[in-house]
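What follows is a set of structures for review.
Here come two complexes built around subunit A, the first alongside subunit B, the second alongside subunit C.
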Partner chain A sequence: MAPPTKQDFINKLRLEKFESEQSKAEESLALLEHIVANASWQTGSELLTLLRNVDIEVSAKLPWETTPRNMVQRALKIVVDEYSSCVGGVSAMNTSGHHTFPQVTMDPTGGVELPKCDQALPDLRDRVLEALAEYRAELEQSDELIAVQGESKIHNDEVILTFDWCGLVLAFLTRAAKKRHFHVIVAEGAPTYQGHRMAESLSRVGIQTTLIQDCAVFPMMSRVNKVIIGTRTVLSNGGIKTDLGAAALASAAKFYCVPLYVCTPTYKFSRISGEEVNHCGSGSAIIPINTPLPSSVNVAVSKFDYVPPENVTSFITNNRGIAPSYVYRHLSELYDPAAYHV
Partner chain B sequence: MERKARKQAKKAKKKGGDGNEESKQQQTGKGKTEDKEGQEESSKPKKTVKVDKTEKDVKKETNKSNKTVKVDKVKPAPTPSTSVPNKKEENKKKTPKEPVQEKQQQTQGSEVGGDEADGATGGKSKAELKRERREKQEAQRLAKMAAKTKAVEEKQPKKKVESQADKKSSTVDKKKKGSGDAGKSGKEKSGDKKSTKRRIPLLGHLTPPALQAPHAPVNSEIIHPAVRTLGIKMKDRVIDGSTARVISTLVALKKLINDYQTPESCDLSRDLAEKLAPNVEYLNACRPQAVAMDNAIRFLKHKVNSIAPNMPEGQAKDELRTAIEDYIKENITLASSAIASHAAYLMQPNDVILTFGYSGLVCEMVEAACKNGNIVNVVVADSPQPPSGLAMVQRLASLQVPTYYRLITDITNVMDKVTKVVVEAEAVMMNGAIQGLCGTTSLALAAATYHKPFIVLCHTYKFCNNDLTDSIVVNELGDADKVVWGPKGSNAGLLAGWQETRNLNVVSLVYDVTPASLVTVLVTEQSVLPTSAVPVIIRRNYADVLGQD
Partner chain C sequence: MAPKVEVHEESSILQAVILTECDIDYGTAITHYNPKVLVPLANTPLLDYTLAWLERCGVDEVIVYCRTNTHTDKIKQHCKRFTSRREDCGIKVMVVVSEDCLNLGDAMRDLYSKSLLKDDFILLQGDLVATLDLQDIVAKHKENRLSDKSMIMTCVYVNKPTETTTTTAAMEGEEERGKEVTATLVTAADTGKLLLHRRTRSKSSKISIPTELFQASSDLLTYPAAYDPSLAICSEVVPSLFSDNFDYGSRDSLLRGVIEQEELLGYSIRCQVVQDGYACRASTLQQYQRVSGEVMRREAYPMVCESSLTSHRIRYTYDPFTTTYWEPSAKFTKGNGGTSEVVVGAGTEVVDAGTVIITCKLFQRGNGGTSEVVVGAGTEVDAGVLLTASVVGDHCTLSDGVRANAAFIMNNVHIKSGCKLDHCYIGDDVVLEEGVVVSSGCVVGPGVRLGPHVTIPPGTQLVSRPPSSTPDHHDDFDETTRVKEADPSICGVKGKAFILLPEETNQDDDDDDEESSDDDGRSSGQDDGDSEDALMMMSDDEHSENEFRREVQESLMNGMSKKSAAENMVLEINASRHAYNVSMEDVLTTVTQGILRAGQKQDGGTEPTWPGINTALKCFVDVLRNYVRKGRDQLLVLNAIEKLMVDSPEFLPATQKILFNLNQTFEILEGEVILHWYKKGGAGTTAFTTIKTSIAQFIEWLEKDSEDEEDSEDEEDSDEECS
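Here is the complex of A and B:
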């Protein structure tokens, strides 16, 4: 296998060749490991700069792809932690000296200053690689860890609403179905219609499934007990950014006071704060074939939907459930506060 | 057991020691009947038996008549159908049945009957002999009827057995698979008699769409050809949308009235009402009636009923025709322009209006607004199946209005630029809830979330006396195959085998109900109203027509 390069990775992202966020995460981690192992660097700071270049490039070309950027941030945090434990007490701190209580602060200058890790330590490379390998193991287990929580969240004779395809939610429900009997309603998720795929997979596993149209989400919501969805990104304010249709779903759930759970592994927690980036897809996706529309009509389809944090009940992650209001704190555990490039 | 107790109680009321002996015999008879007959079949004869008994009690008939009742039940044991002719016999005869009993004993010969026959043969008069002969003839005639009804009844117990088995299997399925809200869906599933078409959990009370129009020959006397063609058009969704359906229904019924001729010695109003009923049922069977159609037909029936009995036919028909034409003109044509002008008054220059699907009223409103000089931008949200918004977009573009076309899932991304949300209602409920095409509620919710006014346009004739709080209780199922084949690309037809798969259901709802709390104003031809004014309008204008439903 050819060694992974930044350019290949970005091209692959751009052409949307990844099956899921999980595969993106794994490949970006592979890229970072490669950089750590093979690139020429002496001090910690050089390594940090190298790693952050990946982040900068991805954010310049594909700003909505948050998963690779999150992986980079995590790697940066790992490097900084390993460095500080190597040096033994003399921690790499920013000038502000907030090492003991790291807080997420948005540096208005753009967070250019990385933590100073100037000492050249011989075993830093190995230790960082080891830590990255641990992280990789955690990544691969995240599916399983989330699915296991299904039994405690879902009870007998409940009606669950979900939408669009999400492998995590599928694993979650499959696991729960082994012990519980419940009914799942799937919204089809135009314009990608991945809901059809989800309904088929669920019914194959033996779960009683009903496929409904997106416009029927509000009517059916009066009969639903829980809403469980996946997401693309978790924003730092506790909201989520995901496929089209989630916002309508979440509003309806709020109206009927139905809890909304989001299944997400930790690599989806991102430091961007709002929905400012919205990518538009081709309008031809929504016009049926052979229906000519006058050219004066403006047709467009957005790619993402933003759900505000007040509509989300809880995030189901590897370790435990996280409330939206706690997300900012969780971010500070995951990522290094200074290493963020806006 | 209950039946025994009831019968014993009735016997106890009657006079005579014979009653006790007979009651014992009755008990044995009952025991046998209960063993031999199916539960449901025996309940029928026993009910009629009770009726007959009370009648006989009133007429002070002898205890022997009760024996005949038992005999009737005992004899049909092997074939339940024979209880039918016996029931009919009992219903017709209100005289003592000793001779019948004897004949039946002679012809069919049961164990219990034999004992009683010996006691009953003594002391007959000529009148009784005559009665015997008459009743013999009747019995033979009824035996022929029994042969016919036998065929029917053999099917009935089978069906009932099947439905019971189906109910059992559906409950077992539920336990295994566990449909959500098992209480509700359980009731719904076991409540309706299970036909071969399966029901969707949670929506079991809604019938799947008709694949074929109900059978009616072309030159049928009952179904007018205009109504027949209309039924097929509505089933195939050639005529869609409540206003179009109402107008076409009234036009078809007008043709029916034209072609109608009062038969001799019949009241026009009663006979016409009878002739209208199967036509209306036919339309309902092709496609469930919209609320608006229901109201229009109610109005027509009311008009028909109010025709004086001595009015000449020509005049009556004229009156009905003009009534229909006036109804359409007042409530639809003129009302539409009134609504459009009221709503256009609410528009301001450079307003961005969000609407859903195709709506004639909204188009008229936009036209009126343009004439007033307020150029509005319109965003049309559309659901992928059926894409009625495309026609809307074309009509708006021809009005030279800046138009935007978006998917219904995409509206939250445009809501910050939208200033007003305007939709047309299919019906308005008494509690102010709005029934619209499925998807209207998403717009209402988005409007509430982003604090934009949600304006509903509706004709008053669509107001109805129901009060609905959710969209599932009263609804219509659309064609699920359109949903399956809707997607483009790899997901099309993924669920094509859903009807065979037990775990999988595909649902397409036609209507949804927006709660009154999400509606800002209701624009009708009378004025711009809040939703709390709906029952007032219903009472004022339509109390006589809509009635106490």
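Here is the complex of A and C:
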């Protein structure tokens, strides 16, 4: 297999050739590993710059793609950690206890300077690769770790409402269905109607399934016990950015005090703070073919929805359940503070 | 995810041929400075749309085919830039330059001889903006080719829902456009084989289908007006077919040839009418405007204005509510009554964001909701500017009070306050001083200065330099343009502009406009607005007609003085007729009038006298008789005489005698015909009423004559009366 290149990866991302966020995460990690292993770099700082270039390129071209950027941030954190532990091991200059590099200086323009890791450490490459391999293992089992929580979260004869297609939620429900007997209502997820696919898959594994329109979530909500959805991104304030229709669903759940769980691996936790990036689609997605619509009618199609943190009960992650108000803490564990700006 | 891609890599590489010398172009004022394919549409060159689409569809190699001219290097550089951005790992772009490529057929023959095409390839024009699923189309083509080896080409058509909306707006010269870009298709329902291909011409609601088509196939699918994006998937047979048949100039001629000689060649053509996806050619400026609007309305998604097609970066901020795009560095100066509560987008300065709201208000006021505006980098737009359906390039300034509707403003343009722009194209570095009004259909070439306070009439093409006096122009340009001096009454006191007369650029096929002469009489190539088009057609016709008239007159005068034989005269006139491609009717009109005028001139005086006319008539009676064969021709003679009276009323007194002699002496006009003509009110010109009174006597006599036909005395009586 040809080595992954940045250009290929971005092209693939641009042409929407990835099936899921999981594959985006895995592929971007492969790209980062390739950069660490094969690119020519001497000092930690050089490596950090190389890695951050991926982030910059993605954010300039596809600002709505958060997963690859999260992966880069995670890799940066790994490099910095490995560097500091290396330095700590090699030279005893470390007086404060853990960090040898100077504290982060915030650029007034909003840009963030990378921590200085100027020493050339021969074994840094291997150590970083080792840590990345570890992280890859974590990444690969994250779905499984979430799915096993299914049976503990769902009880017999419950009515679960879900929305659109999400492989993770499907795995979660499928696993739960082995022990529990419950009913799933699927909102169809216009205009892509991936909910149809979800309903089909659910009924195939023997779960009693009902398909409803997106706008019919409110009348259904009174009989629902739990709402379980996936997401594209978890924002730093604890809200989520996901497919269109989720906000209405979440508000309805809030109105009926139905708990809303979001299944998400930790790589979807993003430093992005708000609903600022909305990716706009084309009117042809919602207007049926051969509909003569005068050009004076303005058609606006957005692709993402924002669910505020107060409408999210909890995140089901591969680590543990995380409440929206604790997302910021989790972020500071995942990513380097240098790459963390709110 | 991965296997999907690899399936395609297994098969041989997919090639595409882009013809940059499109059959129709935008007129010299634009294409002299920039090749058509590099004209920016919504601030992105047209070629980029095509390349980006092909890249997206997994095409491996693109051959950009162009002709050697001043723009070749520009195209080469552009393609190089496009691929180097992709670090040469994406699509491969090859620029093939040919010395003498005049049309699609030549290009195919050339590529065949260079054997650059290995397998099935996609053939398209460089001005196409499309989002069709090419992989699907190519897969279907291959599938069909496997089952039927004789199938050599798949023509792709689009069933455009938007077509209906444009036909309602037909007043904007859409008929002309419809003729060029749509085709009537009849296909076999089961195989999709193309049985009939016709460019739509008639306005009637009926389509005639030859009955023999029904014998061959039981199910026929008919598409009365399928939009033709000039897109075809060709097998390797197509170029060889072109090289075998040197008369195939365009794709249409190939279609015609293959369909008509199916038994002979043993080939067939499939057509596929695609329902979803977007495809439209920005072939003329009208179409350019339309495509521009559709791209701004995001119909060509995922090719949208805010992301650059070269670098894929997000370059513009997009407001879906008003369909406005602006580069973050564009400045919208704050006007009075602005609101300050704004959500600041990433990378947008507060000043900009605040004022965008204000301009949005302006946009809405102008066009009831949608505005569709693209504003490029570093452009400054004052608060009082009203933009609708317009594109503004980089580093422009638009001062207070500028109104622009469907204006395409390129880079570094400065427009001072009070200017009004409507449906026009403003080239690079143009300066419009205060109060300039640019009417619809105008093209203002790069570097032109206009104003202050001038109004440019509709359909004018302006260039900055008198084309013939500049040394760096290639020769054909000089020949084909007529130049006026920079006239302050046209371009204003501070202005610097020359009108480029459009009539002759139409005729030249030396310039970039390659295939117009070959393409089924699509004569009016570079139309802009309908007004300009009409103007162009009229002046063109009139021009050749005048020439013809002059020549006929000359030969008649010569013939009269030399007393040439009638058949020689006819020969001479017919030669002129063929030279100017004049219809038979016009010949008759011209000859009739010519003879009468010859009589006048022969006499020497300005006043036409009967004796002079009589000699002329006597002299040329055989010539005239040669042309008058049917009753209809007699009517034409009568009409011609009437029209002559409109132009030169001095013939009026002689009319009665002319008619009488033509009727009685020379027996060219029958009495019945004259009566019929008279009763119908002649040709309906203004002169008829006066003619009516002057020939009343003659008519009266004719009527009597037809009542009692045998009465010969009567004839003699009136003979005396008349003479």
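Here is the rule we go by: the second predicted complex is superposed on the first by the 316 of 342 C-alpha atoms of A that agree within 3 Å, B and C clash if a C-alpha of one lies under 4 Å from a C-alpha of the other, contacts with A are read in each partner's own complex, and residues count from 1 in each chain.
Keep in mind that, in the parts below, a residue touches a chain if its C-beta (ideal position, glycine included) is under 8 Å from a C-beta of that chain, and two chains touch if they have at least 3 such contacts.
Note that the structure is a prediction, hence the values are computed from the model and not measured.
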Exercise for the section: Could you check whether subunit B and subunit C clash or fit when both are placed on subunit A? Expected result: fit
Exercise for the section: With the two complexes superposed on chain A, say which partner A:Ala60 touches: subunit B (first), subunit C (second), both, or neither. Expected result: second
Exercise for the section: Kindly classify A:Asn237 by the partners it touches after superposition: subunit B alone (first), subunit C alone (second), both, or neither? Expected result: neither
Practice task
Look at A:Thr291 in the shared chain and tell me whether it touches subunit B only, subunit C only, both, or neither; answer first, second, both or neither.
Solution key: both
Completion exercise
To the nearest 10 degrees, subunit B and subunit C lie apart, as seen from the C-alpha centre of subunit A, by 80
Practice task
Considering only the touch criterion stated at the top, classify A:Ala248 as touching first (subunit B), second (subunit C), both, or neither.
Solution key: first
Exercise for the section: Name the contact category of A:Ser314: first (subunit B only), second (subunit C only), both, or neither. Expected result: neither
Problem - subunit B versus subunit C as contact partner of A:Val299, first or second or both or neither - result: both
Problem - When both partners are placed on the shared chain, which of subunit B and subunit C touches more of subunit A - result: B
Fill in the blank from the handout: For subunit B relative to subunit C post-fit, closest CA-CA distance rounded to the angstrom comes to 5
Problem - Residues on subunit A lying within both footprints (that of subunit B and that of subunit C) - result: 283, 285, 289, 291, 293-294, 296-302
Handout entry: subunit C-touching residues of subunit A, taken from the complex the two chains share
Key = 5, 7-8, 10-12, 14-15, 17-19, 23, 60-63, 276-277, 280-285, 289-302
Completion exercise
The answer for subunit B against subunit A in the complex is residues 175-182, 184, 200-202, 382-385, 387, 390, 393-394, 397-398, 402-413, 438-439, 441-442, 445-446, 449, 470-472, 475, 483-484, 486-489, 491-492, 494-495, 498, 501, 503-509, 512-513
Fill in the blank from the handout: In the complex, the residues of subunit C that touch subunit A are 1, 4-5, 56, 86-87, 89-90, 159, 161-162, 164-165, 275-276, 278, 293-294, 297-302, 304, 307, 311-314, 318, 320-323, 345-346, 367-370
Completion exercise
Within their complex, subunit A touches subunit B through residues 156-160, 180-183, 188-194, 196-197, 199-200, 202-203, 206-220, 222-225, 244-245, 247-248, 251-252, 255, 278, 283, 285-289, 291, 293-294, 296-302, 305-306
